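Read through the structures below before going on.
Common to both upcoming complexes is chain A, partnered first by chain B, then by chain C.
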Partner chain A sequence: MAYTESEILEGLAEIVSEETGLPTDSVQLDKSFTDDLDIDSLSMMTIVTLAEEKFSVRIPDDEVKNLATVGDAVSFINNAQA
Partner chain B sequence: MSKQIDVVVTGLGATTPLGGDVPSTWAAALAGESGARTFDNDWAEKYEMPVNFAATIKVKPEEVLPRPEIKRMDPSAQYAIIAAREAWADAGAPELEPERLGVVVSSGIGGIWTTLDAWDTLREKGARRVLPMTVPMLMPNSPSAYVELELGARAGAHALVSACASGAEAIGYGLEMIRSGRADIVVCGGTEATIHPMPISAFAASRTLSLRNEDPQGASRPYDTGRDGFVIGEGAGIVVLESAEHAAARGARVYARLAGQGLSADGYHMTSPEPEGRGQIAAMRASLAEAGLAPSDVVHVNAHATSTVVGDLVEARSVRKTLGDAADGVALSATKSMTGHLLGGAGALESIFTILALHDRKAPPTINVSDPDPELVLDLVRDTPRELPEGQIAAINNSFGFGGHNVALTFTSV
Partner chain C sequence: MTRATLNQASGAKFSRIMGLGAVRGELVVTNDDIAGPIDSSDEWIRQRTGIVTRRRAPEGVDVIDLSEQAAREAIENAGLQPSDIDAVILSTVTWFHQTPAGAAVLADRLGVTPAAAWDISAACAGYAYGIGQADALVRAGTARHVLVVGAEKMSDFIDPTDRSISFLLGDGAGAAVVGPSDFPGIGPTVWGSDGSKAQAVRQTHSWQEFKADPELEWPTLRQDGQSVFKWASFQMGPVAQRALDAAGVTADQIQAFVPHQANMRIIDQIIKQLKLPESVAVGRDIADTGNTSAASIPLATERLLREGQVSSGDLSLQIGFGGGLVYAAQVVVLP
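Let's look at the complex of A and B:
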């Protein structure tokens, strides 16, 4: 069963919050992973690994650099769902 | 030869089976409490383990550290960072150039929880599910690196590994860093987090663990005729070493002086101590020589004494041979009777006990000795603490490790 965009945002916010300690409600669609959420490359790869498992999708390594904002990630995951 | 730099202890930190910090741990040790507990899980049944208890950490890191730190650090690093923060604050969070601050934090085994969890993940879910932080978490220098990053230390960050002597060797290397002029302050010690079914089963396979499952708190009984092996423990101890000059200049509180270290290797057997104790004696003599002390200056020894049948007596005889007749006046404490054996954390925690014994003039007790081994040739402090004399006094902390590593640290009162 596919996740809705709001379910994806909610799930992603939980993963980001666990990784960074930021409150889940600070993880908004327009937030930049690097500039707003201060996530480094190692943390970003952790988030990608956990998101792949949670949403049963594949996020190829060369796609990760295109995921600048939380919204980019939500859209990618949404489209990648079978 | 130029005059040796005087090195003092200005900060202490720990998280142990007896308490979440140094004051609670020391109070429990003086009260003769045991940190051993039956597992609160199904490991023993599930894996048919011969041992169903250990000296587990008293205050879980989850109660102290924020969630992201828990996820980013192996438990061995979690314990180290908790202890390092306490030690640094206890030292008054000194301000100094980062180039003059060093770190030496050791683990005997390394990030074994992380290693085994990642292997489970790989087998169950495949390579893509293995987390990117796995290597920085499992590497044995990880606790040292986290403390280095926390403090911004730039004089060097090291992680010497010598099994159960690791924590003491780390403190000895801290002494060297200051005496060689590389640093003014070194945050050093040891940590271990191996209360996991695999290493416990492996230690049990080597027949070194106590099997007193029906009486966990009575299981660690160094020098008692009923001893049957050690009790595995976990936790960390960290000390702040500082050149006496630097400490005096900032008006720091000083607990004790680290006057000397002695190192040797048995060159004999992987797990058994050399029966005549030649290596142990060499380490203690070298430590006293570096400290410029005579055997008669020593009033207290914190023994390695893990509660194994052979090891305890070899060490007692080594202490007797090192100190000669002066051994008669020495208060011997075997604090693993209370804490269990913290492996790579042991030498650091027991250094803290030795430092506090000098500072408070109280040798901690050895519990569970209801029938002392008749071959014990030393005066064991049993059940309750013993007052140590006034004036300038010295104490030795012994640590020995699989591989035949021997470390003796000599502390003096200030």
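Let's look at the complex of A and C:
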């Protein structure tokens, strides 16, 4: 069963919160992982890996640098479900 | 004519680590000492890696010098004489000779000749590979007392301007003597490789390319840090779990967890994956020693023992992983 975009955002926010300690409601589509959420490259890999498991998708390592914002990640995961 | 029947070797029922030795490079190199050429800072390096200092050996000290010191200590701690050693396994990626093997040179230096001697190239997993081999040799009767050394002078293999791995690396040697035992002292080795990721930790160029092009610099090490982080953090937990399962013990029955000292954040993530109880002492020698590749597991183990965090007879889960990519894990009884 495919996740909706809002379910993906919600799930991703939980993962980010678990990794960083940030409140889930700070994880919004327009937020930049690095500039707004202060997530470094290793935390980003952790978040990506946990998202792969949660949403049963594959996010290639080379793709991670293109996921600048939370919205980018939500879109990628949404498309990867197809 | 009937074929004559051969004798086949058979060895001890069980094996164990009888003694450990550990040597760290004598120079203490701080983050501030190396931050300039990589445009970094003490705070950035601590936050990304958990490293506060790394230990490095001075010019003129090579990987055999470090190995000899650690090996002599291990043989003495095992209550043995050099003449008792009949096989020497050296794991290193920083012995800069295609031939002869560093192990043969080391064996001669130690006076253990004519022990069998060979090198293994399994990078940061090399010590755990060596313990797996030694365990098999002793139980098969191919050798009685095997000296396993993980030794590196990584500072000969780094580029001060490299931001991917050089700043993590330190120099040192750890040694163990594996011999026959009255009780099971080394659990089954769970090991493997993934050569599809051979470029994840690599040399900048081959020795042949270096020879052919006078413009090229001395080859040094690089890694794809994020990919290696992901692989190590999330795929090594299941490998470590398989080593526990193969040994027939659970996470709450071990006293120590000693992963390869690659990055404190990898260590923390594997602990999470394994759901290790807080009662288990964790090797975190990387903070002071840095990443010493094949030497890191015995160095971190020696430190836990020296600081009294664990005792002789305790169970330790150890896992090495690194360039290849390769990995190996086993549960051992601490000497």
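By definition in this document, the second predicted complex is superposed on the first by the 81 of 82 C-alpha atoms of A that agree within 3 Å, B and C clash if a C-alpha of one lies under 4 Å from a C-alpha of the other, contacts with A are read in each partner's own complex, and residues count from 1 in each chain.
The working rule: contacts are C-beta pairs under 8 Å (C-beta built on N, C-alpha and C of every residue); 3 or more make two chains touch, one makes a residue touch a chain.
Computed from a prediction, not measured in an experiment: that's the story for all the values here.
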{"item": "Contacts of A:Q81 with chain B and chain C, given as first, second, both or neither", "value": "neither"}
{"item": "First, second, both or neither for A:G21, with chain B first and chain C second", "value": "first"}
{"item": "Partner chain(s) touched by A:T46 [first = chain B, second = chain C, both, neither]", "value": "both"}
{"item": "Partner chain in contact with A:T34 - chain B first, chain C second, else both or neither", "value": "neither"}
{"item": "Which superposed partner A:D61 touches (first chain B, second chain C, both, neither)", "value": "second"}
{"item": "Residues on chain A lying within both footprints (that of chain B and that of chain C)", "value": "42, 45-46, 49"}
{"item": "Footprint of chain B on chain A - complex, ascending", "value": "18-21, 42, 45-46, 49-50, 52-53"}
{"item": "Chain A - residues contacting chain C, complex", "value": "40-42, 44-46, 48-49, 61, 64"}
{"item": "Residue ranges of chain C in contact with chain A within the complex", "value": "47-48, 224-227, 229-230, 233-234, 263, 265, 269"}
{"item": "Interfacial residue positions of chain B with respect to chain A in the complex", "value": "66-68, 71, 125, 128-133, 136"}
